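Consider the two complexes below, in which chain A is the common component and chain B and chain C are the respective partners.
And then the complex of A and B:
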């Protein structure tokens, strides 16, 4: 199974439209904030990218992660709604291939979201601040870091969505996970590594050790989600 | 030569045994009718062949390939339709088959051929969720037939079809071994339906195989045991009734 095939399966589901609308909404957050509260931000001593991210990232991250949750639920809902997943399970392919293809598609959509948001921040930097080339590289590093921190959410939401036939259950579980993440104290190092809390972090103002630990945690959590999916698929066949 | 063979195939769910020590022998290039009342274990047996559920005990081989070692190899040779049609409701009939075609790596013409075989060509552009039950059933059959697999596993394929549709599908199934040189393993709870298309029959009741053989053998067997043989439906019902009586006696 391939990402292109997964893309075809989403035809007429509103999947792409959801990501475009959600991505534009998340991108509009810093622009609207700057338009309305320009005086609060312009003229401050910190670098432009720090000011914009500190002011807007929490809401942007929340929208991004909610979009990933909705996307994951939609991807598995198309499989479960008319029992297409049963046909897929009788195909001469490994069943985890379906999961990985969906991960591939959702990761591609994450890149699209991250790109839209980076563009929005860049627009704010150009329009309201005097920025330097160094800040552009910080912006690129920040969104590369963001993309990697989104990995556990992508794998985690798809893992949850793959388990439940009824789309509303993973959607509910996902929303609970996101709100739990927002309530965790950010100053606690270990709690901040909660998979769905990672995307709320930014690259700016962090030392290299912390960044390295975040990235490592994101990769390990993603791998654990993949291993869990393999165990679930085996268990499901044994118990079916 | 048998293309599908099972040895003591068993599937239990806790204390309940859905399939109990079944030994099936399905000859290559024939239509094998798998009969039994609802809940006899027909679908469970078929699901085991497709790797949808794991046998609790026993083994089976399909075209000399053994489960679970050769699961993917087995599925390469099998076209299947289990319980109810499975499809993507947001895609048209043609797009659904296109997905299957791409996964199986078949030529483009195979979609058109499958649609023609089941009489869905006219409705190929319509969304699958807007199909009638009969059309969904035909789409399920098309997805099993696409690429002319050497083995077909069909679970009650005429469910939901009108009498004309039932006749068409029955004729199609009957013709498949000659047309495509394939083996068909088809289940039903209606003997009248099976006797019109099957070369061999297996009768399952409460997970036990109570008969396996050809129709003349079934008649002969029934006659020896004192069951009515004029009407095969009555023969079938009498056999099931007797088996149920023996089982309740044992308990």
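And then the complex of A and C:
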């Protein structure tokens, strides 16, 4: 199973179009906010990247995580819709490979989303603020950190989508998970490590220990999702 | 076949879907933070709102902003995908029944699911308010008449939004696009309610309505009030156009 094959499967589903439109919309959030409320942000003492991220990141992260949920549901819906998954299972390939290929594709789309958002923030910094080279490196660190924090969502949503035949069930569970993430108190360190709450974090204004813990949690949660997928597939085969 | 019978058939189709479980789970998660942080309701003197009103309004604001529109989007996927699986739609279209009535019956089911979600929220509100009243030793329960009136108005304000979600699902065959568009339209509602043109954006109606109610209940807080003109005519126009277009477009793909 390869990522290219998964890409071909999504050809006529509007998958890429949705990610492009969603990415552009998420990128438009800081630009529109700066255009409308320029006076509220320009002239502050904090670094430009901090101002822009603090003002817009919650909305941008929300759009990103929702896009990942929709994308994950769609990737498995193409398999389940007309029982294509049964044909995939008859092939001389490991079923886990299908999951990892889909993860690869969704991770690629996450990089694309993160890149579009970083470009939008960079545009705001150039257009409205006097930025320094140091802030550019903070921006790069921030979006690298964001990408790693998106990993548990990518693996988690695909895990949920792989388990359910009907598209609306993983979609519903995903919505509940995202809603839970928005309801969790931000001051509780342990609750902020909830897999779907991690993407709402930003790199700016955090000490190294917190960042290291977030990254470690993201990697561990992603690995747990992969292990869970392996166990589910084995269990499903054993019970079939 | 009458519209009533068709609605009955549509309910039967989603009977085993377990959508109620998803709606209930979301509602439970909605009220847990309110119970845990019930003491914060007593620190709202600056806004001039009573603790019991604050408990009620904060919960319903959290519901109207994201949870309610998102679960309704999931419900549209449920209603639509149940019919598309195993060519169920083709079988329905081959029967001697009015396509318009069939489309309307499905829309009525969607409205019912919205009412169910709101009723669950009201039920959970009373349970959580009763628990919080015990822990805080203060009566946080509001009159059922007031709560039901607010809940009914939230449901009414959601009708145009549901019509748009339904139209998107009918018009666009591939499921990812209407869902993506739906989610993308929910998120900016928090910004749209602060603009002059909120009345032209149905996805923001439930959240706008509850925010304006917050302004009424909090004496020291000024929020934009829900003026019936031009809101109601615009909402009726959008709903009628969307429902009409849905009925016209319903099953077009299968009838090609």
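The criterion applied here is as follows: the second predicted complex is superposed on the first by the 240 of 240 C-alpha atoms of A that agree within 3 Å, B and C clash if a C-alpha of one lies under 4 Å from a C-alpha of the other, contacts with A are read in each partner's own complex, and residues count from 1 in each chain.
Simple rule for what comes next: a residue touches a chain if its C-beta (ideal position, glycine included) is under 8 Å from a C-beta of that chain, and two chains touch if they have at least 3 such contacts.
Small disclaimer: the values here were computed from a predicted structure and weren't measured.
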Exercise. So, does A:13 touch the first partner chain B, the second partner chain C, both, or neither?
Worked result: both
For this session: Tell me which partner A:183 touches in the superposition: chain B (first), chain C (second), both or neither.
Result: second
For this session: Report for A:231: first if it touches chain B alone, second if chain C alone, otherwise both or neither.
Result: neither
Exercise. Is A:94 touching the first partner chain B, the second partner chain C, both, or neither of them?
Worked result: first
Exercise. Given the touch rule stated above, what does A:84 touch, chain B (first), chain C (second), both, or neither?
Worked result: first
For this session: Could you say whether A:130 touches chain B, chain C, both of them, or neither, answering first, second, both or neither?
Result: neither
For this session: Of the two partners chain B and chain C, indicate the one touching more residues belonging to chain A.
Result: C
Exercise. After superposition on the shared chain, which partner residues are touched by A:5: those of chain B (first), chain C (second), both, or neither?
Worked result: first
Problem set entry | chain B and chain C footprints on chain A, overlapping residues | 12-13, 81
Exercise. Which residues of chain C touch chain A in their complex?
Worked result: 17-19, 22, 25-26, 29-30, 32-33, 37, 62, 66-67, 70-71, 73-75, 77-78, 81-82, 85, 172, 174-177, 179-180, 183-184, 187-188, 190-191
For this session: Spell out the residues on chain A that touch chain B in their complex, using ranges where they run on.
Result: 1, 5, 8-13, 78, 81-87, 89-94, 237-238, 240
Problem set entry | Contact set on chain A toward chain C in their complex | 12-15, 17-18, 21-22, 25, 29, 33, 59, 62-63, 66-67, 70-71, 73-74, 77, 81, 166-169, 171-173, 175-176, 178-180, 182-185
Problem set entry | Contacting residues of chain B [partner chain A, same complex] | 47, 50-54, 72-73, 75-76, 78, 80, 82-91, 95-96, 98-100, 102-104, 127-129, 143
